[in-house]
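Structure in structure tokens, see below.
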Amino acid sequence: MQYAVKRILLGIPTLLAMFTAIFLLVRVVPGDAAAVILGDQASAASLEALRIKLGLNLPLWRQYTDFLFGVLRGDLGVSLVTGRSIMDEALRVLPSTLGLAAASMVLGLGIGLPMGVMAAVYRNAWPDYVGRIVSLVGLSLPAFVAGILLLLVFAIQLQWFPVIPLGGGWSDSLNSLVLPACTLGFIMSSYVARVTRSSMLNVLREDYIRTARAKGVRPWRFVVRHALANALLPIITVVGLYFGTLIGNAVLTEIVFNRPGLGRLILSALNTRDYSLLQGLMIVFAAFVVLANVVTDILYGVADPRVRVGR
Amino acid sequence: MVEHIQAPVLDIRGLRTEFLIDGQWHAAVRGLSLTVERNETLAIVGESGSGKSMTALSILGLLPKGSGRIGSGEILYGGQNLTRLNERRLRRIRGSEIAMIFQEPMTSLNPTMRVGEQIAETIQSHRRIGKREARELVQALLRKVGIPSPEKRMDDYPHQFSGGMRQRVMIAMAIACEPKILLADEPTTALDVTIQAQVLAVLNQLKAEQGMAMIFITHNLGVVALIADRVAVMYAGEIVETASVSELFNHPAHPYTEALLAAMPRVDVKSAAIRPIPGQVPSIQAMPRGCAFAARCPLKIERCEQDAPRLAPLKDAGLHRVSCFVRNPEAA
Amino acid sequence: MRMNAMLALPASFYRLMGRGGFFGWLGLALLLAIVCVAVFAPLLSPYDPLEQSIVMRLMPPSAEHLFGTDSFGRDVLSRVIYGSRVSLLVGFVSILIAMTVGTIIGVVSGYIGGRLDQLVMAIADVMLSFPSLLLGLLVAAVLGASLENLIIAIAITEIAPFIRLARAPTLALKEREFIEAGRALGFGHVRLMGVHILPNLIADVLVMGSLWMATAIRTEASLSFIGLGVRPPTPTWGGMIREGFENILDAWWLAVFPSIAVLLTVLALNLLGDALRDATDPKYRKR
């Protein structure tokens, strides 16, 4: 338990570092931000007004503290274009993005783990080769390409799924979720299958596997409880590292499948030069990434008793 | 000469175990035959590379898949030939009737599983047993191998135990189903001398209590003296001499055995008198035609390089068998 | 020690690739083919990629236009061929920058140690966990869309892994005797770092470079797709896929062909990188 608390506490400085980095990045815009937004033809008065509104006339350190305290209060600022609270906008679309990410993780692990285990157990037989080729393709496809190809085949050609997500009740939402989740799930399963395979191969060489065989343990039990249980550590590492990529891929997938979500918000922020919105969204992402790291670390403790219980 | 009335519990005949090296199969165990009687401790002694561990792994079919195989020979146990059994039936024998413990207690236990679970697993793999009954059995086993406070310790993980304690846990795991034969592959080699003595005492005690037979593999003659009833000396994949412990130490017959005894550091012999054996064990890829020990043997005659001797009983001591043309002309 | 590997690079390279197996060679061949396509683009492409034709808009694949035409009547095949130039250029240059800058920072940081090292590692860790696509997106958005900025943005997302890669062996080597000996002989720090530590890293850095180049090209395609890449009308695969996406209901060929191009390129790099990594991994043993 105290291990978990420790990991959470360690996440806080990382979070702060990320916030600072985002703050600095956005302020690096060369030239005058107000002019960039309003264009060359704007009058000096409106430029000045915008600068004051953005807080750009204040010294940098003052801007930073305002920004930081705002974030800690949950106030991510206000969109330059719509004037609405960024936090509200984000919260509105978050469930959709999170739902997609969750479905993808389920698929990614649900397909990837067994694929990797089979590849390791049946090494150099056909499950191994098939698994490796499929994984290689999954790793080489950018998410949006995979999404577009799936869209073309299953939604447009075969018409099994809607091209544009339907609103409405449960079954419609689920229907619209299938293709994007499959896109992301397939890509994730490739990463998972790969690391599962190599980690299992390492573990299967260990002495305690030989002991388990000598004890007469039933074959599938020893694959799961002895081999896989010990192979989990590198797998957890990779899944944790993948989380960042997953978010990036989710953004792309949302664009391709026209789903409401953080992805679309980012696109509109880019198109309208809404730096305020952009900054706010990045903050949200950063928070999630740090959360994922903390969860990963905690999972280490669960998977490896040596980390949890000292002696 | 008194013949044994009961049949031996394990009877190995002409075992040949092969390794795949560079695409070719080479024999690491070459035509090995030995028997183990009930409740007897047979020690297999030899240098590293003599094939002792391979023999034990062959018995249980634990050779590395793809790079090891049994080429020929029979391993008779309980009326069955173990070399002919498929994996499913072998699994039922492993752990329950024939068990094995290994050399490295540090790495031979699953680090993510509680010790009590691992011991119970041996039992659960072979018969149905309730959780509470399992716990009690595990505690009794831990007590039997001399681990204090078993109720608490059974929920600890392997990394929380010391080396000697871990070996005791391994032993508890192995005897959980009261096997008829225990294969011990250098179980004390990686332990301190004082701990070694303790573990050996535990093994002896269990053997007496459960009436099980033990094959104890080691390269340490001192340990042999402490634990064995009979000894088989292995060299280059073959048995060159078998005898009772006292016979072997007092009247060694094979030149290799003599050399081993002479090379052994002893408290009662000056270290200047210790003579290491010159030369090296022939590589399994290049076995000589005649006797494998000929190149290093002080008694070598011409016949030794032409023909390979076989194990045969000595003239006046039937249970003492030697494989040497010089020492035992009957080994034709 | 990899000194030998580095000094005898040409000869040992073939041995390495032999151990990498069939797929490694396949990847290399595929990559070279794509490079040739990029280099000989003017010779290979049947039409001028920028040439528009109102008459021939949105034509499906035919004998005249093997990959069809886009909404401006431009030949898709030619655009795909020319698009390879942008992708390979961006991928290669950005990785080169990231490799160089990252390795130098990693070696210097590991060598100097102490608080500076901790700070650098903390920054690298932060960069590493942030989604690279979003990082690239942010940088590109802030800098503005152009070829140079795209290269810079992608390079920035790829620096962190090289910093870590370079730092680990530096830390280990720092304590070795030959460094002590060198210092006793009065060698300058720069010389020690450059001549003694660096060559040991080169093999690992190159392997990682080829793997990350695959990621770089993926990121480039993604950023172009979003619209942050090179400005039209220059053909880029990502941009073409975007156009294909906008016309997906009518003109499937616009999206499919550049997609296949991206897939093949990234696949080739992955195959090559995997083979190189397997061949240089000391734990790798072939039966």
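Note that the chains are named A, B and C in the order they appear, and that numbering of residues resets to 1 at the start of each chain.
Everything that follows uses one rule, which is that a residue touches a chain if its C-beta (ideal position, glycine included) is under 8 Å from a C-beta of that chain, and two chains touch if they have at least 3 such contacts.
Keep in mind the model is a prediction, meaning the values are calculated, not measured.
Judged by contacting C-beta pairs, the busier of the interfaces A-C and A-B is A-C. Among the remaining chains, the Cα-based centre furthest from that of chain C is the centre of B.
Averaging Cα coordinates per chain places chain A and chain B 54 Å apart. With each centre defined as the average position of its C-alpha atoms, the distance from chain A to chain C rounds to 22 Å.
Touching two or more other chains at once is no residue of chain B. Within chain C, contacts with two or more other chains are made by no residue at all. Residue positions of chain A with contacts to 2 or more other chains are absent.
Chain contact summary for the complex, chain A toward chain C: residues 14, 17-18, 21-22, 25-26, 28-30, 136-137, 139-145, 148-149, 151-152, 156, 163, 241, 244-249, 251-252, 255-256, 266-267, 270-271, 275, 278, 282, 285-286, 289-290, 293. On chain C, the positions that touch chain A within their shared complex are 122-123, 125-134, 137-139, 141-143, 214, 218, 221-222, 225-228, 241, 244-245, 248-249, 252, 255-256, 259, 262-263, 266-267, 270-271, 274. Partner chain B is touched in their complex by these residues of chain A: 206-208, 210-219, 221, 225-226, 229-230, 303-306, 309, 311. Listing the residues of chain B that touch chain A in their complex gives 60, 62, 91-96, 99-100, 102, 104, 107-113, 121-122, 125-126, 157, 159-160, 170, 173-174.
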